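Labels run A, B, C and D following the written order; every chain starts at residue 1.
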Amino acid sequence: MPASLSVAEDIVRSMAKTALDNEQYFCQLDSVVGDGDFGYSLARGFEKVMEEFDSIDRTDVGTFLKKVGIIITSRCGGTSGPIWGTAFLRAGMAAGTRSELGTADVVAMLRAAFEGIQKRGGAALGDKTLLDALDPLITSFERELAAAAKPGAAFAAAAAAAKEAADKTSELVAKRGRAAYTGERSRGSPDAGAIAVTLMARDVSERCTATAAD
Amino acid sequence: MRKFVNDPKQFVPEMLKGLALANPETLTYVPQYNLIMRKDAPSDRKVSIIQGSGSGHEPAHVMAVGRGMLDAACPGDVFSAPPVDYITETTKLMRSEKGVLYLVNNYTGDRLAFEMAAELSMAEGIEVETLIINDDVAVSDSTYTVGRRGVAGNFFVIKAIGAASEQGADIEQLLAIGKRVVDVTRTMGIALSSCTPPAKGVPLFSIAEDEMEVGIGIHGEPGRRRAKRGTADEIVTLLLDAVVEDLPYKNGDRVALMINGLGGTPISELYLLFGRAHEQLKKRGIAVGRSYVGEYCTSLEMAGASLTLVRLDDEIEALLEADAEVPIRVF
Amino acid sequence: MRKFVNDPKQFVPEMLKGLALANPETLTYVPQYNLIMRKDAPSDRKVSIIQGSGSGHEPAHVMAVGRGMLDAACPGDVFSAPPVDYITETTKLMRSEKGVLYLVNNYTGDRLAFEMAAELSMAEGIEVETLIINDDVAVSDSTYTVGRRGVAGNFFVIKAIGAASEQGADIEQLLAIGKRVVDVTRTMGIALSSCTPPAKGVPLFSIAEDEMEVGIGIHGEPGRRRAKRGTADEIVTLLLDAVVEDLPYKNGDRVALMINGLGGTPISELYLLFGRAHEQLKKRGIAVGRSYVGEYCTSLEMAGASLTLVRLDDEIEALLEADAEVPIRVF
Amino acid sequence: MPASLSVAEDIVRSMAKTALDNEQYFCQLDSVVGDGDFGYSLARGFEKVMEEFDSIDRTDVGTFLKKVGIIITSRCGGTSGPIWGTAFLRAGMAAGTRSELGTADVVAMLRAAFEGIQKRGGAALGDKTLLDALDPLITSFERELAAAAKPGAAFAAAAAAAKEAADKTSELVAKRGRAAYTGERSRGSPDAGAIAVTLMARDVSERCTATAAD
């Protein structure tokens, strides 16, 4: 199996584990200002991904990720289904049919995911969504790589940047999703989606990058 | 959790199974896609009307499937928009020469899912149109970029469009009727307690016994403010002020008045609220032409109620009056 | 007290006022005697059917007044039998050449009050007969000298007698029909929470979140035992065992199955219970011929449900099927 | 006004006050084993009696008491309406048209009330109802009078006997009214109706007998 595909597999597996391990916690975060179903929706989506994991088409990384996106879209309800499904679909499309991917490809895939979410959900930075964690994650990853960091170290730094940004969403007023209805009251708690991105990045960093191409 | 439940993850499927068993002549449950459909739908002589949204709002919308109302419903899990492919499969099953109309309550999750499903269905050559319902005055467009929420006023849109589609209206006419109903429909709600989604096991929020949440959303989203609970009369005044002044409804208007229970409030209290709202509307010179008291759009077992007004004209009134037959009838 | 209420002592009158305002073409509220009557009753071509009992069980019985059901209802305060002279005045208003039939749930207060009212009405030359309803299997005659209670099975008695009276049956025939329905109707209930009468302000009893009261009465009277709450399936088994074995209902029987909510349980859970009960009955060889899911006889906002079976035959089924029109219809 | 009539008025007024002052307490007693409405029902009945008090026909004690019974029957719901209404009706009938009543008449009136309740409700002694307080009250009153006690002292003793008996209803299993459904569980708490009779007797004894014919 090409190295990139096995890394992609590890990353998806790690993200699924984070989603399933934190189901209650993510629900709790969503219920402070939203409707409390985020953790449940995300967990059901990734649960289905893991159920079908072995039979997913692995022609190449792109196909693999697109299939993951379709499973998530089909099984994960709420805003998260279309949002997370779109992210994987776009990342897969950006990967194309290449069998080995470089760090530049990974950055392009992340950017594609970001833009897909933005287009689907219409959120801007600062609207208190997962984009507010994802953007600094990508920017930091790119910057570290440009500064010649190894991929593993670069991603660890990116995860830390995402964490800092996710924590800062506490200061924002939610403008998207169900949390938007709480207006001023949404201030003071971080965005559930942003925290999920952060924890996934941290776990991916810890679990996967050791075995990856660094 | 004071609930009748087996595996919380199977809560919605088990409910739908019961619904179909209780209505063996009129409804079919399709477990693969978690959908409820009329046994006699689709028909190429009528536009198929579909609604989907989170569960937990019963009777909305799975129990509103039937002659003169919805042709099919594709519910999500409790308080979560349905997954895209369930909507797409429902659309395929409801394919009609006259097209398929989605009635979507204005929530991000629902909008995104129905948008993706519409794209996928149209790619298969099915004509799909979407009507957005947003009757809740608690949140206003200016401050909330996501727009107003769809709540109990939903019922009137389903009823009017269901009746018109039964009479053979085409999809453009239905969209126009739906927009006209949405334009004259306004709702606001009050919660006296929280509710507990089965898969969550703990209440969504906490509220003291002498408090109320003014302008509550139907998923436990906070509303305008938290306040000390008032008397029924004070609450009616507060709801009417918000609703009447929003459209505004004016002296001389004839309206449908709905007092909708949020799930945990007994119907005795709903009639009490109705009586006071009726009297207060009379004082404002607004006549109640049609009356709706009961549960139409709930939040599981939440104690609370919402008040909806619909400004009536001859066309809307005839559609609301038209015959219909859905499971939520008591006999 | 998480309630919409003004002066707790005016709770029932304010509810009745709202009920009449919501049904201006069909119902009249008579404040002096706290009664609700059909606008087109009485008629000398039909026996007048009256029910009274404590309030707090809505829709029973004030919202069951209408064509094909009750001609009038004289409710008492919450959970209290109506005062004698309200019953007497209702009887006078409903005076018919064909007589007046009281449908009385078997509680001491109700029996005594209707007995005194019957004596007074007969003294005025009105023909009065009384049918006692006692479908609750939770308490059995041998141990309780007051006999079994009347609970949700009440609905079937009203429905059958209402239909037959509409068809012109005389009072003896109605008594016979009513007795036949009572004879084949059995109910048992489970409570997951208590409830709070408005004038009392505190819950009637306390019950832990993981407990259930098996065999609950509709006024918060304790039932057979307190137990740890089971799954929905376990609860259905427990209710069915008690109900089925009491008559007993047998392999080959065809029944009406009712899952009745006690007020605070959302209809989603009721359909879930219905589905499981339907399946379990099938395993016992008992076919569900008619389905009833919703609130018929409640205890204010109590979380809980009851299960009722009625053994069907052609006559009973035709009466249950007959047309009727009461406020509790959703539209 | 004949002395007997003013005593009857004082007694009814005192009973009404006891019912109204103890509304919550009586409800509470009824909710331990019954349905919690006893205090409310009784209070509404006596409230109506007090509302119409001044206009009640006072031709004689008998007429006065019968009218009180009718008001209670007409306004008081639950089991208590027919039960307490019947008691006053029967006492009034026993008083007949006499304008002055002796202690023997009073005993006869109490017995008539007792029998009326028994006939109306079908309860036997030991069924855990107000009869279990009323019977010892009457018996003790009669015995004390026979032993030449003054009426006031005799009634005070009767009230004490009623109290003792009412407390003892804790040991009984309810066989009548809504409390009957609790079966064995009804043991351990006294009957609400019996306690009401006791408190009324105590209050009548304290408030009225001083001014009466002793």
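One rule holds in what follows: a residue touches a chain if its C-beta (ideal position, glycine included) is under 8 Å from a C-beta of that chain, and two chains touch if they have at least 3 such contacts.
Everything numeric here is computed off the predicted structure, so don't read it as measured data.
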| item | value |
| --- | --- |
| CA centroid of chain A to CA centroid of chain C, Å | 55 |
| Centroid distance [mean C-alpha coordinates] between chain B and chain A, Å | 33 |
| Euclidean distance of C-alpha centroids - chain B vs chain C, Å | 29 |
| Residues of chain D touching at least two other chains | none |
| Chain contact topology (line, ring, star, complete or other) | line |
| Set of all touching chain pairs, with the criterion as stated earlier | A-B, B-C, C-D |
| Complex contact set, residues of chain A against chain B | 27, 31, 33-37, 40-41, 44, 73-83, 85, 120-121, 127, 175-183, 185 |
| Of chain B, residues touching chain A in the complex | 9, 54, 76-86, 107-109, 112-113, 115-116, 138-139, 143-146, 149, 197, 199-200, 204-205, 217, 219-223 |
| Interfacial residue positions of chain C with respect to chain B in the complex | 1-6, 11-12, 14-19, 21-24, 55-56, 58-59, 63, 159, 192-193, 209, 229, 231-233, 235, 263-276, 278-279, 288, 291-296, 298, 300-301, 303, 305, 320, 324, 326-331 |
